[in-house]
Amino acid sequence: MKDLFERAIGAKISRRTLLKAGAVAGAATALSGCTSEPSRFTSPVVESNVKSFRTACPRNCYDTCGQIATVEDGALRSVNGDPLHGYTQGRLCVKGYTYVNRTNSPDRLKYPMIQEPRGSGNWRRISWDEALTIIAKKILDLKQRYGSTLPVALDKYSGNFGILHYAVEGMFQSMGYYTYALGTPCWPAGIDATNYDFGVFQCDDPESIAQTKYLILWGQNAAWSAVHSMDFIRQAKEKGAKVVVIDPINTATASQADVYYQIKTSTDGALALGMARWIVDNNLHDKAFLDKHVKGWPEFEAYLKREVTLEWASKTTGIPVDGIIELASGYATTRPSMIWIGYGMQRHTNGGQNVRAIDALAALTGQIGVVGGSAQYGHLVTWGFNYHAMSMQPPAGSKGLPQGGDAQGLHGGASAPLTYTNRTVNMNNFAAEIQALKDPPVKMLWIACRNPASQDPDAADIKRAFASMELVVVADHFLNHSAQLADIVLPVTTHFENWDVNVSYWHRWMSINEQAIKPMFETKSDLQIAWALSKKMNELSPGSCTYPTEGNEEEWVGKEFNEGIYKLFGISEWRELKQKPAKAQLPAAIWEDRKFGTPSGKYELYSEAAAKNGLPPMPTYVGEMVAPAEFPIRFLTPHPQHGLHSQFQNVDYMMQTNSEPLLEIHPRLAERKGIKDGDIVRVFNKLGELRLKARITRVVPPDTVVTYEAWYKDSKFNVNLTVAAIPADMGKVMTGNNGIAFHDNFVDIERA
Amino acid sequence: MPTKQLGFHHNIDLCIGCKACQMACKNEYELEADVNWRRVYPVRENPAAPERNFISVACNHCENPECKRVCPVGAYSKREDGIVVQDHGKCIGCRLCTMACPYGAARYSPKHRKASKCELCKDRLDAGQTTACVAACPQSALKLVEMGKLNDPRAVVSVPGFPDSDITHPNIRFTPPVSSRQFRRDS
Amino acid sequence: MNRQFAEIRLALFQLLQAAYTAPATPELAEALREVAAVYLDLVERPAPPLGLPDGAADVAEFHRLFVGPGALVAPPYESVYLSTEKVLMQAETLAVREFYRSYGKELAPDHREPDDFLAFELEFYAYLQTQVHGLEAMQRFCTEHLERWVPTFCERVITATRSPFYRSLAEITREVILTEGQVLTAIAQ
Amino acid sequence: MEWTSLILFTVLAEGAVGLVLFHTLFGFTNAARTRETAYDGLGKQVVLIAALVTGVAMLVSLTHLGWPQFAFRALGGLPGSWLSWEVLLTGIFAAGCLGLWVMARRPAWALMALSLVGLAATYASGKIYALPSVPANAGGFPPLLFLASALVAGPACLLLLLAFTAPGKELAAEWAAPLALTAVGAILLAGALTVAYAGAASAGAPEAKLQAAQLAGSAWYLLRLLLGLLLPAALLLRTARRPKLTVLAVLPPVLLMVVGELAGRTLFFTSTIFTNSYIGM
């Protein structure tokens, strides 16, 4: 080293080489040739500082937490609960506390990338311009080949419920008429049921749970999926309320109850009807309410007396008669008494009907419109935004599906159509329908806020559907199962990197989501992607897309508000939300005026609308799906504690906290199958199979095995390999399509 | 002798095992993924009434801290308010405290090659806030208490599934779970 | 100090940061091979022969190692190696940013990678080489940052890659960084 | 493995202590008095070996630390921490050995003092692991087990020296038989302790029971008892009857014992079940 410089003189390297080297390096990074100025640097402008921002958790969750994001010199350093949010009260959940770890994860999608060929794992980074050019050209090409943009399909749902994310729908609408996945896999049967009964999909203020004296959590595992609600349940208990949990699984919520009923899965309607029969027999029903506010009471009473007995209910539900009596009397003699209906219990072929039967109890006891009473399911009353980001017009002269048409085109073209509309496919039978579509077929698929490859039924068929496409684009945060099957992945911002506004389908609070940090890497929000793609489309073919080509996200938040919302939330200007979240000013008991939205204006035990849609007019019992002989075990795959669908579980912090999925098996079943705790178990049926480590426990019933859905990092684990796309009984009216009977999933198991 | 003694009260009857406390702690102190100062673990299943009950445990700032007794470099000390603190600078990573703590509160960090543990958010307390874990509990099942001033008639020193408290006299009290009545399909 | 040596060293660091910014072109690889060979010979370190990148395969490998879209084999960011959480945008990242600032530099707003992205650190380091009073800065930047993580990063690449090009690139990078300490002392004298 | 350095350190140090101890004890034999020069010559080699072995052991123990460069701080825990005592006493023992090696002659009182320090060091080292957090060890067993190792290793190593060193050969005739017998006695004692340890555990707290069950269930535990203790005992009995210290007569039993001790210590560390084991990560 000492004679370094002497030897350097004689170094066999010429100035030319060095100049060339400098130039090559420069070319590769826009370094200006050999000059010393670092091209990617400038002079400092900002001072280092610590700021905090109001954000809102946009995940598909009851609680939709208000958050405070603390940012140091542009880096997200901590995320905590917003103490001014009245429902979540300054607390997050196990998932929420991983947000820094998640947002700063080196595993995130960073740049637009292309996979050649699809599924090869052979990825290459491309610029946004390249990506958008490929996409725009494909759209224009399809439009040219098929005369419309119907071959372009969008599958988007609940990965992010921020209102500005409806920009994705707006983006496609502004290119013409397109094909999109219609429906929701989540809660539709219950929504229709609520709608048949009450006429409007709305529920009481969940904070009034604290006022009830008797609470039935019916298929509701709030301890895992609505954790902040537990505080109101606790308050009710402290004031002497009795809490009952009805669930096939002995959940963490069930462990909080005074009484737990382990019901046979999907027989909830029978239990409700049994209770109803006992209530009527014992004259505990509210005749005044029934006469004044209920349609179809005589018919329903007749049905109860004719068809329903406690013995039948007991036999059907697996709950002893005295148990049903205790439940019925507790519910009918305590006032106010409330029922909270979970979403898992309606993911069945008789799910909607079961919800109607449970609702009937609230009508029977005349507790609808009573604070701390009624039957709660969910609402959308606080969602009255402008959906400005979504409501865009197709370019003039765009062709689509003739008005009145539907996915099958059965009714299409009955009379010479003058107008056109979009084409829908059933989100809950997406794989099959997307492949079945003809004239025009679907050739391009855009996935946003969704991970169908791990969340849709029949995962194998989803792969086939993807394979039948000319181009698949996935916009997401991580390379999840769906993104792995894409041609192009687009990196999207987390809610800390973009503006938005969020409300809940459960509580009544609204939170602004301020942009806390700059988008990391080359991530763009769905709205920014819409602007950019529109720009590209118009560049390639002027007028081919009506979507604005640029804008200011914060201002676009403002564009979502209207007088109605301001009035509802008692604010005069949306920027007030930066000071604190706002709460919708509605009566705690939403039906206090007993004016129902049904055709009759009454609560409808007898619904012509239901009859018209080929359903039983009354909440009569529809038998649950029985296990086929060759697959005698019910396989339940409910929502997880450590993630939300396929989100969160892949993050380092979560992988350490919950490293692998387990299959919960009752000791009796395990013994019969020769399975010991920790064994690897093969769970299979005709559709597919998965292998899981066994956990022997009595929290599950003997005829059922349970694991919890999730996407684990570097894992192929997928709970939907054995799930068939069997429709639930309701959902079409309010959400466009019936739900999925996710929990009518039957398998056999063996030691692997 | 400390003038007062801070500790935890964990109401198992209210705890839903949501792990918000465990993760809030990691979030607050940006811990390594595989280091937990607080852990939530399931109580062994009661065959009579299988329930999901949990214990949430961190450092119990014991009367007789084993970590303090065994530490060869005298890194551990007990503050006036009873908080057991560790002088991280002194630690040489012998791991004896991680073996000696009956609750595994002291964790060895492969990255820092030292042990560390919960210090009851002493800086937050000094700033007039409560601990990160207590602030996060959606059930108010975990509380910060001044020992001796805890007024819960049901509070007990130990519960099944919790290590022998005679070893160090941990400053944690529990409210045991009340089993729900169960109508089960396997009974 | 010796002008020719300075030029070789500067070119080397510029080539290296270029090699971690994007998949290497044959031209870049050739230039890097030549400059690295001469440089490592000058500083008396073993010079692993740098092969030419194998077209598409090494483009894919570059992305698999450093870009994604999946979980990265060797994330080229300091905080992933030095922070406790092993994630991005940690105190380490801000320290690097502060360092740039204290020498009158900051990343241009159109660059959204964290400040401690390897290519940025190397480019900044090359810049320091051209500054009259850069020596003290280089010594600090080397001991506080480059030396503390780049070798570990290189180890990860070396153990994980199947590509001869990227293995030798990582080996060269490691040698160069590990030698900087001595080079700086030599320059100081 | 996490425990390797601790296994090597403790076993080696105990071996050194045992060696010095039994050399000291056998100083009271007639042979030692009549052949004073040979005895002292042997002593010089004994203390040198002990010093070297202990030194190596202490170096190995450093690798267990996260920050070996600050090992010196380990004295900061006095008087409370047994680990501090272990470091201090083992250090003095090593230094003492070195000192006696340098000295022209090794007076009996010095050897006795040195042996006592060595035993104290072994005791301290055992006390470290008598942790209440490991119910099986909470009682007095670890120090006893560690001392037993010293007793087992001492005579065995001394036998080696009798067989292979000049001064040793001089004493061999008189010492061989009694040493071999002593070794057998020590082995039986150690064996009894090892069994008693597991027995006591099986009657203790749940964690202790579990640990006992694991020990009893493991093939290593049986092998350690049979090949590490009983077999060498048998071989040494033969040596005691026909005290002819050939390589074949001495080396096999001693090697078996060394391996046995290492295996035993490995079991001791790896089978521990802590009161927090159920709490998990």
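What to note about this one:
As written, the chains take the letters A, B, C and D, and residue 1 is the first residue of each chain.
Assume contacts are C-beta pairs under 8 Å (C-beta built on N, C-alpha and C of every residue); 3 or more make two chains touch, one makes a residue touch a chain.
All of these numbers come straight from a predicted model, not from anything done at the bench.
Both chain A and chain D are touched by B.
Summed over C-beta pairs in contact, the chain pair with the top total is A-C.
Chain B and chain C have centres, each the mean of its CA atoms, that are 44 Å apart.
Centre-to-centre separation between chain C and chain D, using Cα means, comes to 52 Å.
Centroid to centroid, with C-alpha atoms defining each point, chain B and chain D lie 39 Å apart. For chain A, residues touching at least two other chains, in rising order: 100-101, 652, 656.
Among all residues of chain B, those that touch two or more other chains are 30, 33-34, 36, 112. Along chain D, residues 281 each make contact with two or more other chains. The full set of touching chain pairs reads A-B, A-C, B-C, B-D. Against chain A, the residues of chain B that register as touching in their complex are 14, 16-20, 22-24, 26-28, 30, 33-34, 36, 45, 47, 50-53, 135-140, 177, 180-186. For chain B in complex with chain D, the touching residues are 34, 36, 39, 41, 44, 55, 57, 66, 68-74, 90-96, 99-104, 108, 112-114, 161, 163-164, 167-168.
In the complex of the two chains, the chain A residues touching chain B come out as 78-81, 90-94, 96-101, 223-224, 227-228, 230-231, 234, 245, 250-262, 264, 318-320, 323, 641-642, 652-653, 655-657, 666, 668, 697-699, 701-702.
Those residues of chain B lying in contact with chain C across their complex are 30-33, 35, 109, 111-112.
Those residues of chain C that touch chain A in the shared complex are 1-2, 4-5, 7-8, 10-12, 14-15, 17-19, 21-22, 24-25, 27-28, 31-32, 34-35, 38, 41-44, 56, 59-60, 63-64, 67-72, 75, 77, 80, 85-90, 93-94, 97-98, 100-101, 104-109, 111-114, 119-120, 123-124, 126-127, 129-131, 182-183, 186.
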